[in-house]
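Sharing a structure, written as structure tokens. Questions coming.
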């Protein structure tokens, strides 16, 4: 990894994250720290989607499926094992395996982008409905009752060497920040490896990547699986932050929310989605404390305005503004692209006509 | 001097619904040959090309590349035989820079160091040095075509398949492209799909003429242009 | 295996992860008001329950303040809307307890939300009131459950309904803990009263097509149908049941019909004859209740929702807590808990209410009612019924330091399953 | 025997209601590749139209069959003009926008009409007797309406100039523009049509299920699963998936109970998506509409 401009920014960000983590107890109130765990969990989910969608070009509308599977697998395993160390591994593995299986069917089945979005969403909704139907006492995995609609209470994390000494909610904050920062570093490293650059190339032009000999299916699958594993790790933090997992984790609202963080924060960046998650979390959180306007109304309107006015997301827009010259060039590039797209489309049409 | 046959199709057919875009084509290509495929619009040459490169899976018949049965394989599997492919619409990575584009092709085959040197060599060779850090999406059409050629070359293929490499180019650009193609041909066997007669004359190679999904005639450019059937096909079908 | 975080509060400092004393010292809230936090879903799917509860909460606090507050202090209502999203429950509960330093938190509709926040409130020593009818089984000294539990209402309604309709009962229930447990209690009391259960069916909460079940009911030919259906989607059942002409031949009894304002959402024709049992109906007789209903309707005007058990419990839960604060002379947690356990009682709109000190559940009047023209007519009143189900498993007097949720809610103790 | 007939009728009804709740989504997705997350709210708005207008004294049949599709269709056109039209080709942004729209509608309706609405409309037509069993005659009516609706949409797509142009537009808007067709108008009409069908469905179901601002959420998952299982063809896909999923659901619900009935439906959907990732019509009946 070389010290490019981007990497200097990334290093600064990581440093800021570390400083924030260490300074938080002195700066913030206890409840803020505890409540941050949930926001951090969501940010990890956003990061995973930012990776596979922003860099892998895979529009997964069901990233919460892996997040939720991580949370559920963690909870069930922790209840059964009586400690969290194995449960953490089980959770990440379960999420990764599920992503790998789903990804295998989609990528090796050559499913188109639109269908990929809808299939991942559908699978998530299926999980949602299935888990809501497990309230009977017969739905039990080991010692863990699935609890249906009401969900399961998640046992807290513990340190690997002290299985019967659970962490306090405020300590989960540290674990969460560590996962987020390490996850961010992994993602930032990954996109600069040969693997990551091929993934980006596939996002740019899948056919060309194939024509120079890359098996794009494999790369997408690997990316998808890694994303699933990171989301699963986020799920563990989420289960700890909320203290409970319920099927609602898989509902449409949350699935859509994940996409929205990435769009609001900026696709094609890693920090953007993370910021998007934090921003929207605090917006919705704040909305719940004002009793004037209907929350759905405000949130809905905000999103619509966002789509129309800031379609590129906060971070890219900010970077453009920060670096004026760059932004002018980017603008030219966009124009050219559009022009070329038009040209390409008409030549494709010609080609189509050619075949018939 | 008869060299080895490296590309062969046997009764290759590709049907779209009821339309026989390629109809039982038997085609042979020998090592180090430079072959142009021509024909009017709808003759089936592009479909044929896509069957060769794995972009389409033929309805029936076989594609054999060296000893490898390439029928119904995926593009990356064909590419991994050492085949360089350039499609009709410029397929490049718009968001990446010129050298990144070429690096990705070189890196598929070589370690990091070799890939780097191969990249700079290729950039040199195609005279793309001035624009090497520019995003490909910003470049002019002709330059994008060359970047794509660069990606083909950087992989050091022994067989190169080009679909309309000169489409949309200015006269000067075409001349430059012809030069590049001649240069590539020194190390690789080539198939070039083209309908610009001028361009083919400049390359001066053996020509296969497609018509209605079949091979109409296969000979040198002079013979082909003199052939009355070819004239009829071209005058009759592309009256513009 | 069961442990909870409270057990580990004291004295566990973890190597490398010890938190510095958070900056809350010196920022403790000024003590000139008493802070009451309310966390109820006022948007999202649960708002049909949360809205009336929130309205009743507002009214209770306003009335307390209008009457001069508690012990000379005003009550500050801190209102949170978790938007039917469980993660916000944990958030707001933490904020209310650790941030706002609320003296009491009245919160939660679903059992999931209650179980998400109960440990948090326990940990931060914030007194917790849960004012919703639920499946029973919470056994936590810090937590007071003022809503009715299945045994309270089911025990009374089953014999009345069987007497009126017949002995063969077909049970349909919502497929979640509350529905499952209620169905078991219904089954128990039906059998105890010499009746027969034809079948029990559970319905996922989003089911809207009850056709196959209606056919099964027709095939089973029961004397009555017992409904423990819950939520907006399940209202479809009553419509479809009536549309198939069944409401005329096989009547319905329920302890869940009405709390989602079902009786207003279906027509008079569809609903006439349905039997229900709650610890409160808007139609409960008496001047206290008439005045309460009038005050509520005056306050919220034409938009005032029907006052159901949830709303009344929210109102009375706050009034009851206020009574304890007055008695304790302070809003501090332990004195208030002790006051609540001391057997104080309050004449609320629903009648006299008190807290059973063993379970911290309400001792409440139970009303049986029959629906006619979208209005419940009270047909029987049972005074001051104890939470007999939770009593089977929970004794906080003997064992005050527990903070548990007995999921199976004494079903086992009652000899079921 | 009576039971078999009554049950068969019930299953057909289950299938018809699946078709009803999915068709609007299928039209908009199939023809425009727009994933409309506000679909459930279109159904909800249809329901509200019926409830409110009948409470105002409008004839219920008129409210269901004319007003609901008209009002929601107009809302659809409005939405397309004000929002969707700026987002063509930006699938993800459309997703985001329609999701925002869905929240907005729920919020608006809640703010205006409250969290619950007094719905006093009950299914008209009364009950019919099949031996020992009785069914709602309204269910029969709904089955009939569904069949007519399918035929109607088929006719529009297959026979009218609008349908032809719409299909061409969906193939490639350049081509249609070259033919001198206003693509804008076509998209607008298609979106309006999809919304109108959803409105009609919501209106028809209102007497059976009642309406709440959040009722859309109970429909959307099923509608999505049906459309995806069905695949690209709007009519054949939706119908085939509804028959399959609705049939399985109905039979299992009767044999084992509603919970397993729903589980069976979802399991069938998973298997289907596994075997046919592009839906039933991605594999079979490809040429169909």
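Letters are used for the chains, namely A, B, C and D, taken in the order the chains are written, and counting of residues starts over at 1 for each.
To be clear about the criterion, a contact is a pair of C-beta atoms (placed from the backbone, for glycine too) under 8 Å apart; a residue touches a chain by one contact, two chains touch by 3 or more.
Just so it is clear, the model here is predicted, and its values are computed rather than measured.
Q: Among all the other chains, which ones are in touch with both chain B and chain D?
A: Both-contact set = A.
Q: By mean C-alpha coordinates, which chain is most distant from chain A?
A: B
Q: Quick check: more C-beta contact pairs in A-D or A-B?
A: A-D
Q: List the centre-to-centre spacing of chain B and chain C in whole Å, with centres computed as mean CA coordinates.
A: 74
Q: Which integer distance in Å separates the CA centroid of chain A from that of chain D?
A: 31
Q: Give, as an integer number of Å, the spacing between the C-alpha centres of chain B and chain A.
A: It comes to 41 Å between the two C-alpha centres.
Q: Round to the nearest whole Å and give the separation of the Cα centres of chain A and chain C.
A: The separation of the two C-alpha centroids amounts to 37 Å.
Q: At least two other chains touched by the same residue of chain B: list those residues.
A: none
Q: Taking each residue of chain D in turn, which ones touch at least two of the other chains?
A: Counting only residues that touch two or more other chains, chain D contributes 107, 110, 217, 221, 259, 262.
Q: Residues of chain C that touch two or more other chains: which are they?
A: If we look for residues of chain C contacting two or more partner chains, we find 43-44, 175, 202, 204, 206.
Q: On the basis of the stated criterion, which chains touch which? Give every pair.
A: Inter-chain contacts occur between A-B, A-C, A-D, C-D.
Q: Going by the contact rule at the top, pick out the chain A residues touching chain D in the complex.
A: 59, 61, 105-106, 109, 111-115, 117-119, 121-123, 125-126, 128-130, 133, 136, 251-252, 256, 259-260, 263, 293-304, 306-308, 311, 345-346, 349
Q: Taking the complex as given, what residues does chain A use to touch chain B?
A: For this pair, the touching residues of chain A are 194, 197-198, 200-201, 203-205, 207-216, 329, 332-333, 336-337, 340, 343-344, 347-348, 350-351, 353-356.
Q: With touch defined as at the start, can you tell me which chain B residues reach chain A in the complex?
A: Within the complex, chain B contacts chain A at residues 16, 19, 21, 41-42, 46-47, 53-55, 74-77, 79-80, 85-89, 91-96, 100, 103-105, 107-109, 112, 135, 137-138, 141, 148, 151, 155, 167.
Q: Report the residues of chain A in contact with chain C in the complex, numbered from low to high.
A: 25-35, 38, 79, 82, 129, 132-133, 135-137, 143, 145, 147-151, 153, 155-156, 159, 162, 164-171, 174, 238, 241-244, 246, 248, 253, 284-285, 287-289, 291, 294-296
Q: Quick check on the complex: what are the chain C residues that touch chain A?
A: Listed in rising order, the residues are 1, 3, 5, 8-9, 12, 14-15, 17, 19-24, 27, 42-44, 79-83, 85-92, 94-95, 97-99, 110-112, 115-116, 119-120, 175-177, 179-180, 202, 204-206, 407-408.
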